[in-house]
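What follows is a pair of complexes built around subunit A, which joins subunit B in one and subunit C in the other.
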Partner chain A sequence: MGTTTAKRIDIASEEVAGLAPRQTPLDRIQRQLHAHPALGPLIVLVTTCIVFGLLNPRFVAAQNISLMLQQVAVVAALGVAQTLIILTAGIDLSIGYAMILALLVMAQAAANNEVAGLIALLLGLAVGVGSGVVNGTLVTRLRVPPFIATLGTLFVFQSAGLLYAKGQTTQATEMPHLLNWTGDPVTIGPLNLINGVLVALGLYLVVHYILTQTQWGRHVYAVGDDVEAARLAGIRTNRVLFSVYVFAGLIVGVAAWISIGYAGAADPNNAVDANLQSITAVVIGGTSLFGGRGGVIGTLFGALIVVAFTSGLTLANVNNLYQPIAQGVLVIAAVAIDQWIRRVKR
Partner chain B sequence: MKTFGHVVGLAGVDLVLDHGEVLGIIGDNGAGKSTLIKCLTGALEPDSGEILLEGDRVWFTSPIDSRRAGIETVYQTLALAPALDVASNMFLGREVRTHGPLGLLLRKLDKRGMRRSARAELDKLGITTLQDITQRLETLSGGQRQAVAVARAATFGTKVIILDEPTASLGVRESQQVLDLIRRLRRQGTPVILISHNMPHMFEVADRIHIQRLGRCAGVVSPATTTMEEAVAIMTGAKQLQDRRG
Partner chain C sequence: MNHVISPAARRRRTRATTALVATATLALVACGASDADDNGPSSGAGDGRVKVALILKTFSNPYFVSMEKSAQAAAAQLGVDLVVSAGSSDTDTGAQLKAINNAIAGGFEGIIITSNGDAVNAALQRARTAGQYTIALDTLPTPPSTVNLTYATDNTQAGRIIGKWTASKLTGRPATIALLDAVNTAVISVDVQRNHGFLEGIGIPVGDPKINGKAPGSGQYKGGMGGSYEIVCELPTNGTIPQGKSAMQTCLQKNPDINVVYAVNEPAAQGASQALADAKSDAIVVAIDGGCSNLQFVESGSIDATAAQFPGKMAALGVQAIHDLVTEKARPKTSEGRDFFDTGVMLFTNDPQPGISSTDVAGARKLCWG
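The block that comes next holds the complex of A and B.
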């Protein structure tokens, strides 16, 4: 499909300009990456796996792949929510702490207040949705830039979590089984996973469908692409923006559930790194920080790239302190490449 | 009548548009062209006055209202999403869902149907410069983008199509294509309001030209009986018309 599209573009532009555009192989690569934002991350992921696999065959063993998939589940789930927000040219700095607040409410409601598991789960999801309502209101009603709005709520959610939990950890054994169901082992072929991994993958399938096949999804792209154009085309842009934050909040609630299962506990320190890692995954996954370009599949690859680097460097006996450096380089490289791709020649 | 605080934007303007005609609107900067159009499309609410659409009194409080009534506007900025393809842009904000359970339950878009309709509409308007409707807007030239915006207006603009400076950013050849497009719209019977600073273009396609000056209508002239110099003279106030109805 890709090549025929590119060819047609060439024919059309030749007709209009009346001269044949000279295209170097690099131009062609740039155009392909521009048309398929998930392609770049996929190439990087495959290359990473091959290189680390050659360095240490244990990297590609079923056991290590299972481990990586378990490690990626929480960040991957948050990445879905973060992708939605970044597609609208926003950013959510509070996402990880909203998740921690949600998982603390979930766990403590069930453990200390002895609410039924299902109700505790729904309460946690409601906290996630609530965080989205707060951020969405700040961005659409008070017109606070997303960066500042969510920087503020980051501190609010963080403190609220600590105050609510009083610094206590709730172990999985103290909770109804439903809350910990995401940590139950499940075997698929040679892979030993947990239910949480499947829930996260489910999120990707659902949100990918919504973004690519529904009117709402198309409006999310249109609003992120050019908000004024979308408004003039008759899209209620504020309503779309608000709904993106609320939907992202719901996904944050699901991520909280996955986090309890993965950690086997609910602790104010669950996955504190996941906050910024969700942004890292989205950016490495080829979604543009300027909005309107990208998608969740790229984010899945982005999250896997980060985990693959961490695991691969560990297996290659590289000092752990180098891992953040690798992540930093990856993020900056991804944004620099995005800038280059966006300058595609017409 | 439309005032902004103490500033009078429009002070009593009558505008009549007949079926199948191209009405040009010219005027100096600040003469009230944009205010007039904004009142017609619901972007602004006039303080007094009335709008009759096929004899029925209408009142628009937002651009969405006027669109619903069949009035489509092609803005100077075009209001297209660069990262979406031609078909998606033509149906932006008015996407069509698939029939049956997929559309009802999963709210699935009828992409194939929308592409087919987009293709049909472009063919009907004789737009040959858009070969591939799955091309993203940002890969198109200025003229091609303008064609997409006009085609979108023509698809949904059943009553009136308003074009705001459609040739302002185009080259000679592309401008001619847009003017051809306007003629084709007229042949289809759709009335068009054309706002432009470009006198030669205006005199080429307009049936009547409404000249706006200082918030009022300084006259309505016919390109057949009036020269460009006279029109400019009226526009700048150097000459005044006895019979403003033209």
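The block that comes next holds the complex of A and C.
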């Protein structure tokens, strides 16, 4: 921090002296990436699509794009929640198991306890919100670092889900149609999607709007950027942090609904590594793990990049083992680039 | 974490805990006096009944719950006191170690375990040194001599029968194959054995006996009437529905003419069959498991054939073996030419093929687990 300030003063004095710093093309790129965090992942996504499209034209066919959108819906929805939390310099390791708990409650309430579909859905959403309340309380009241708080709740939600569902899978056929509605096909132009994809995209639009156009959104960035400065500026930082976890919890509940639709079942194993997948999407999407910089649109690109690699490498006849390697390289590159961008000269 | 399922089990556990305290000294004396595994503990715990600890991976998987049920039934029949425990997840080795140590301290005659892996082997050795009989279920420890005997499914054989069934069903047509494994970032013996068994059954060389993914991409399959084959894709599913579906969608993009799908288990097959239905494909889907809740998919034809395992039989035989060891000093035997006792596999299908023994769904309902 100290060096940044010193640098800024240097630049300022140079500017005052009429000696504007020379901008190399690299500086300009750095500046653009700093101003538009989603730009980097968008470039990677477009490049990925062009390369894989050249290797196998089927990759860019409407049918394949439709399927990739279906495959990404759940992780993309969780990515919205994860982005909110990472924007506050937090992290949510419990997100996948919170979702599984929510979807098990939804499905079993409806299938075994004959609760009406809408009520079951609301119950599941309430479980999601509840998971956010627990995490938010741990982080804001008990001052447990988010990494540890959500590592703890990861185990709690995992076991709670298993105890509740007794390891049983509930099939979509046993549930009211509403819970499975997210799996219904829907055609938009050349794309054959499922409703869940539209719900996930809807989440992106809504949360993007909230983050960029509302006071609450600006507070989230402020708290993530520098919690002390935000507090001194009169923001009730704990309240903002808590509300972020609760809102993220609600989104986790929606992701649970999408997951039931895509899988056609509520299974305790529906998404065991969803926490890491969602963090991967957020990080590749250009949101800074240090908080305060990034946004949900980048996360959408990040999630799409990961699924594009799985599909593209398979279609290009490359051993699927290269997919995790590519994913790992992308994550590290994204964080390294983030570190570089953060050193931007203003 | 020790779960206790039923009040009966809780009573037994309370009794066992009391016994633990009461006989700790006695057990120490007993284990000092006995020499390794040929002599069981000279005295039981108090009431003279054989005491056995059943240690499972989790209570969350119907597969293990089925083991517990059958073991309880066998124990009741034989007059064995059974104390059941499990971890919170498939990787909760700590809980298993604790349960083994409790059983040693409690002076139990035997331990039956579905181990999380070879991390518990040293503890099992300690138990044997303390004079206890040890039986492994489902997973063969390395080396197999870690325990007195293992009751397990021959996963290669399970793969082989669905492979043979597939070859017969193809009646010489070309096979365009999707292989849906469990993982691709680790070598898991079950994953490799099932995959290789399937390839062997259909008559395709496995390439490398140690790992998946090395079979030649195309050639001639030798099973059934024989014919040409192409392996279109081989993707991991983690044995789950959504990842099975996702993998199948990707495979179909590569080649919509896939007509044979091998899935490592039934949830992966269920996911795959959804993707196939969306694509209006009527590919043959074969899997392994035999879970009761999955029979509906065999019945509807979304899974064409599945090789069933018998976890309940493993557990019941395990209880019987320890009972016989303690009361009659009867040594249980491995299946011929194997280092474990093969509890067998049975093909569940409504589409029997000549020369391949199978059971239809109606019959399968009596044999399935969960």
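Rule of thumb we're sticking to: the second predicted complex is superposed on the first by the 330 of 346 C-alpha atoms of A that agree within 3 Å, B and C clash if a C-alpha of one lies under 4 Å from a C-alpha of the other, contacts with A are read in each partner's own complex, and residues count from 1 in each chain.
Keep this in mind: contacts are C-beta pairs under 8 Å (C-beta built on N, C-alpha and C of every residue); 3 or more make two chains touch, one makes a residue touch a chain.
In this text the structure is predicted, and so the values were computed from the model without any measurement.
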Just subunit B (first), just subunit C (second), both, or neither: which does A:Leu321 touch? second
Figure out whether A:Lys166 sits in contact with subunit B (first) or subunit C (second), or with both, or with neither. second
Is A:Gln213 touching anything from subunit B or subunit C once the two structures are fitted on A? First, second, both or neither. first
For A:Ala233, using the defined touch cut-off, is the partner it touches subunit B, subunit C, both, or neither? Pick first, second, both or neither. first
Any idea whether subunit B or subunit C touches more of subunit A? C
State whether A:Pro268 touches subunit B only (first), subunit C only (second), both chains, or neither. second
In the overlay, answer first, second, both or neither for which of subunit B and subunit C A:Ala35 touches. first
Just subunit B (first), just subunit C (second), both, or neither: which does A:Leu118 touch? neither
Figure out whether A:Ile43 sits in contact with subunit B (first) or subunit C (second), or with both, or with neither. neither
How about subunit A: which of its residues touch subunit C in the complex? 56, 58-59, 61, 63-64, 67, 70-71, 74, 155, 158-159, 162-163, 165-169, 171, 185, 259, 262-265, 267-273, 310-311, 314-315, 319-321, 324
Where on subunit B does subunit A make contact in their complex? 63-64, 67, 75, 77-84, 88, 92-95, 97, 106-109, 111, 129-132, 134-136, 138-141, 143-144
Looking at the complex, which residues from subunit C come into contact with subunit A? 1, 58-62, 65, 88-89, 184-185, 213, 233-236, 238-242, 245-246, 249-251, 253-254, 267, 270-271, 274, 278, 293, 296
Parts of subunit A lying in touch with subunit B, wherever the complex brings them together: 5, 8-9, 11-13, 15-17, 35, 209, 213-216, 218-219, 221-222, 225-226, 228-235, 292-293, 344, 346
